[in-house]
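The next block holds one structure in the form of structure tokens; read it before the comments.
Naming follows writing order (A, B, C and D), and every chain is counted from residue 1.
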Amino acid sequence: MSAAVRKPRLGGMGRMPWAFSFAGALAIFAATVAFTGGTGAGQILTTALTFATMYVIVGLGQMFVVTTGPGNVDLSIPATIALAGTIAMVVMDGRDALVPLGLAAALGTGIAVGCFNYALIRLLSIPPIIATLSASFLVQSVAIAYGRGLRVRPPEGFAAFTTGRVAGIPYLAIATLALCLVMAVLLHRTVYGRSVSAIGQNSRAAGLAGIRVDRVRFLTYVLSAALAGLCGAVLAGFSGGSSLNMGEEYLLASIAVVVVGGSSVSGGQSNVAGLWGASLFLYLLVTMLNTFGVGAGLRLLLTGLIIIAIITIAGGPKSGRA
Amino acid sequence: MNGLLANPRFLRAALPPVSLVLILAVIFIVQPRAMSYLGLNLMLNLALPIALATIAQLCVITVNDLDLSIGAFVSLVACIGATILPVSPLLGILALLGCIAVYAGLGALIHWRNLPSIVVTLGMSFVWLGAAVLLLPSPGGSAPAWLSALVKLKTPLVPFAILASAVLALVTHLFLMRSSVGTVLRGAGGSPQAVRRAGWSLLKAKMAMYGLCGLFGTLSGLVLVGLTTSADANIALRYTLLSIAGVILGGGEFTGGRVSPVGAVLGALTLTLAGSLLSFLRISPDWQIGAQGAILIVVLALRALVNQTERKAA
Amino acid sequence: ETADKTIALSNNYAGNSWRQAMLDSWKKITGKAVSDGVVKSADAFTTAENQATEQAAQIQNMILQGYSAIVINSASPTALNGAVKEACDAGIVVVSFDGVVTEPCAWRVAVDFKKMGAGQLDYLAKRYPDGGNLLEIRGLAGTSVDTEIHDGIAAGVSANSKFKVVSAVQGDWTQTVAQKSVAGVLPSLPQVVGVVTQGGDGFGAAEAFKAAGRPTPTIILGNRDDELRWWKAQKDASGYETMSVSIAPGVSTLAFWVAQQILDGQDVPKDLVVPFLSIDQAGLEKALENTQAGGVANVEYSLDDAKKVIAAAKK
Amino acid sequence: MSQSAGEKQSGAEKTPSPAAPLIRLTGIAKSFGAVRALRGVDLDIRAGECLGLAGHNGAGKSTLMQVLAGNVLPDEGGLAIGGEDLTARYGVARARAGGVACVFQELSLCPNLSVVENTRIRQPALKGFGWRARAGALITAKLDEIFPGHGIRPTELVSDLALGQRQMVEIASTFAATGEAPRLVILDEPTSSLDASVAAQLLAFVRRFVGAGGSIILISHILGEILSTCDRIAVMSDGRVVDLRPAARFDRHSLVEAMGHVAAHETGEDGEAAAAERSAAPVVASAATPKGGAIRLEARRGEIVGLAGLAGHGQTGLLVLLHNAAYRRSRYARLDGRVAFVAGDRQTDGVFPLWSIGENVTIRSLGALQRFGLIDPARSRRLEEDWQRRIAIRTPDMDNNILTLSGGNQQKALFARALASDADIILMDDPMRGVDIGTKQEVYALVRAEAAKGRTFVWYTTEFDELKSCDHIYVFRAGRIVADLPRHELSERRILQSSFEDEAA
């Protein structure tokens, strides 16, 4: 987005790593519509936008984490979604007046989880992949003990907002788009964003270039968990209440949208636009296979093959010098 | 001795066995009955497939990649082992060999297109799982009798799981850490450019390591189905994270070809025993899941201590 | 006489309200049994992830701890057979419920899932004599419960040939997933008269229909409080009619009593059948009253219930 | 460059060919995208000679050697070994078979392996039972032969070795051979991370190797080395060989001239040596070495403080310590002012490989390039272009990836990063590694000018000449500061004396 202010500056990298995910999404959409003979095309797009937003919200946080370098990944997202969703619903208590408080509580939960994650990573120097996994078990336990698996309904107004739409475009998608713009600016135009990229490429060099490595990584893990918390609240509002397992599918999905969206898993390089492409792509893919009436086994198999095909065609990063 | 303790590299190598012994000691105190042939056998026989999956993961980590599909792959192998293998052994073996070949092919694809392994294996996890569901839409099948008999072998004195784990650790250590071929393969993880400039084929190295990953994954699936006697498509999905945790617990690192097969096997055993310890502690069900996380954290916190001495020594 | 016996619950998943209610019922009933001196202890164990391998290890640890009986809600009907066999060999009584195991040495407190599927079609056939299109929401791929209910539904459809399943989507027994899957296929579907489910995904489907602006078909619901309340709201507003099928989480307590009876030396057949929990239009209000807000409709069993079930099975 | 063709011809004519060339390169051309790294190079390498290769940063020296080693396929041109044309299907394997071995400019050892294991990687023949013992014997023998008193244990992990030691291992394992010894060894800036005494050992070995009939290509920016060691010297400029003469017919002045630089005037050598008193400006940085030692490092505002001593004796560690002290309280160091770091080991400490040259330059200055909390693209562009000019980074476009630059030019970008920043104190970790002589002179001048404006420099260097630019020098040995010299006391003998005192005693 704001990267376009300057001509693309990624030397040897693929010029538009995110374009493939959009192309893939478009192709799949075309195939689906062709199959249904054009019925419901608009409807499919609308629902795709709705569901893609959830992926995008968690994907944003995961993307920042992944960008801080190899081995950095946040596996506590599903548990955080469940806990924050529950807390938000309990705090909102079905009253519209308490929605802001509930959202704040969800964000606060995320921030707390993020702090805990980073404490494990930094103070105990546990590799992030294991640290966030261990943390997620603890968070899950807290969610169980706190929520007892009970479903609390969201306030009417909040539910209406999360499911509402204007001219076929969900409010949620509009809000998420705004969030993405902010994140894109954060990524490309602020010292924080550059620092994240620098740390992802070479954290020792980043430290010697005057970047406060610990602080930036801390903020990144907090950001990721906070966005997961936000997603938890939104998801609970959208689906009529929180549940303990509502975050489960976001473990793989959050990673998948980041990498299919063209961010580099070896760190240092990321883009926000690709998240949308990848989210739409993944959602439309399942929809297409469901529409075709493909069974579960074949559907999983095809999903995997198509992801691999896309990434193979798009190709990996080319290194600069032999 | 003092010198040894101050040597961070030694400490780091000593960490996996020390954590294992510690956890075992606590278990023996909490549940004295575990201190027997039967006890060890019961606690550890399901550790063998995990150890094998961990070694499979270690092969891929050695060349700086990560395999997010190993759990799904082990599930698929278990399904093949419970469906095709007993009915037509030849076809079953061919299918398994085919799976290993696909793994080696993945290595080639990842090298050839310079793809991030995480994405490719994430995709493959869907493929393996899908294949498993197609093969076994609902749980069932039964493992060939010889396989069950083999993995449930009652060896004298020391339970089979421990013997097999020891052999596994020894063989992979000799191959990866001591042999001349293993050296090149680890070098390919440490500095691919250096290895290529010395005239080795990185493509072959990647294919070899992925192929080995497939091989150990296959062994893991077969042992697993031998133990459980029947399979389901979701049976081993958890192995993906367990195997990564095992490699790390064993002192391995995600990049730079720094791995330890012996440590990894010990790490896998430690993880399994941690689960047992939790059952013995009788924690409230609400917190049992959290306690698993807590145990992981405690064991890894020991690593932090070692790292600190390492930093001081530097 | 079982006062010195110990019973353990091996549970493979705790991440939804059904399981939470199941654990609660267990705690409530067994807690009383322990304080009454019926059994010495009745501990509950849960694994972190819904995985057969982890549960097998858990059962092996229980063997080591020397429990007299193990009550299992199994992650897989077959994958635990190895561990279950070992438990039996160690002289431990094994009772499985909900997710039952096929190992012959174990007892099974089973729900007739096939009937649960077929029953939905019987109900719909009554509602729609002319038949129509159906949408099926399935559970978690690769599990036996999913296959059995699906088979039941398929059998029901072939028995009522005026119905046609126009699409089957995966709901993973998770409301949000069901909502997403249904929302995805809806635009391309013709008019459907009913949604057949595995219980518990109905509310997600209802949300999806609402979001798509399509008339709500007859959705077979599960036993969660929000589903029942939604039903009530629809019923009050427009006289909406449907039914609910599910398994009562309290079936864990039935399994407990069965285990106790076996330990007591009673002759108990290996296969016991519990009725699934079914709520019809008339029983809705009553069910709602007895359901905790945000919880699930439940039935807990007493020793006498267990004896009745055992007696029924002996016939 | 216009006169180059003539000179080259004359060079070729006047050198009678005593033997048929071992290797003949004809018309080698290679482009990387828009960069024409090689534009048709003809070069003969004879048996039993040491051929020097000099040229400015980015002249194409490394690329030519990559071609020779089979790592890079040329776009055009031919290659013959021993008269046999091998142009088609040339590659690493062919090069090895032809007896060509190469020590690359960027280290190519596996850090996770031990010295022995790295030897195995280089020597495919080391396999089968007992290969470790054989590899250990081989590498130890070679290290002993080339670098007596090296102090490297073959079982040590390469990551535990200091940079200089790694370079020694790299060189030794290239010369070591299980079967036939290599016929031609290419040394691409082998001395850049070795200190003077070790470099001398290497150069002495090169002469012995050549004397025994082997061939060497030696690339170096240290002209004295080339002049004293080589039989012939080829000068490259902008992808061509522009001059080729016997070494005896070059001197420092003519060599620099041939490279296209105006001969450097040896400035300020003893001119101001009389200034005995240390400046009275406030101390802005002070540090003690964590390993103990009586002498504290002190740097005053506007001073250039030099760190000397053998490579790997704790200088880098102290610089990192000083750097971190600017951000976190430290037990050992205190810093009064903003700080910037110029890395010497650019791969691990300096370069951000995914970024453009411009982004690599501006990263340290982002704080100052903000407007309303956002980075201002126009301002950063101005800064980049300003510094591209001031420090002459050879690139058509600062938006190109940093890795498209040659080693020396990458180093310049790192220099620009520090100098462009708002830092009051600049820490330099042997930053002139691989920088060509012309640029060096410019950078020296720049450093002196900045110091005059009040900036403080703490400068670790392995080159004695560079210490002459310093106001005050600290000599390191075994992690401690062992000598503290004002400039007028500086002499090569003093430095060596302090560096080696222990061994002498």
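We take it that a residue touches a chain if its C-beta (ideal position, glycine included) is under 8 Å from a C-beta of that chain, and two chains touch if they have at least 3 such contacts.
The chain list, named the UniProt way, goes like this: A = Autoinducer 2 import system permease protein LsrD; B = ABC transporter permease; D = ABC transporter ATP-binding protein.
Note that the structure is a prediction, hence the values are computed from the model and not measured.
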If each hop has to land on a touching chain, what is the smallest number of hops from chain A to chain C? 1
Just to be sure I understand the contacts, which chains border both chain D and chain A? B
So which chain is farthest from chain D, going by the mean of the CA atoms in each chain? C
The larger set of C-beta contacts, choosing between B-D and A-B, lies at A-B
Here the gap between chain A and chain B, centre to centre from mean Cα coordinates and rounded to Å, is 29
Whole-Å distance, C-alpha centre of chain B to that of chain D, is 43
Geometric centre distance via CA averages, chain D-chain C, whole Å: 72
Could you please state the distance in Å, as a whole number, between where the Cα atoms of chain B are centred and where those of chain C are centred? 34
Which residues belonging to chain A are in contact with no fewer than two other chains? 137, 140, 144, 264, 296-297, 299-300, 317, 319
Give the residues of chain B that touch two or more other chains, as numbers and ranges in rising order. 132-133, 137, 233, 286, 288-289, 292
Identify all positions of chain C at which a residue touches two or more other chains, and write them in rising order. 14, 48, 141-142
So which chains end up touching which? A-B, A-C, A-D, B-C, B-D
Can you check the complex and tell me which residues of chain C touch chain A? 14-21, 24, 48, 138, 141-142, 167-170, 172, 174-177, 179-181, 183-188, 203-204, 207, 210-212, 224-226, 230, 292-295
Using the touch definition from the top, list the residues of chain A that touch chain D in their complex. 5-7, 9-13, 185, 189-191, 194, 197-198, 201-202, 204-212, 264, 268-269, 317, 319-322
Contacts from chain C onto chain B in the complex sit at residues 11, 14, 23, 43-54, 56-58, 60-66, 76-83, 85-86, 102, 140-144, 146-148
In their shared complex, chain B is touched by residues of chain A numbered 70-71, 75, 120, 123-127, 129-131, 133-138, 140-142, 144-145, 252, 255-256, 259-260, 264-266, 295-308, 311-312, 315-319
Which stretch or stretches of chain B touch chain A in the complex? 109, 113-116, 118-120, 122-135, 137, 233, 241, 244-245, 248, 254-255, 286-294, 296-297, 300-301, 303-304, 307
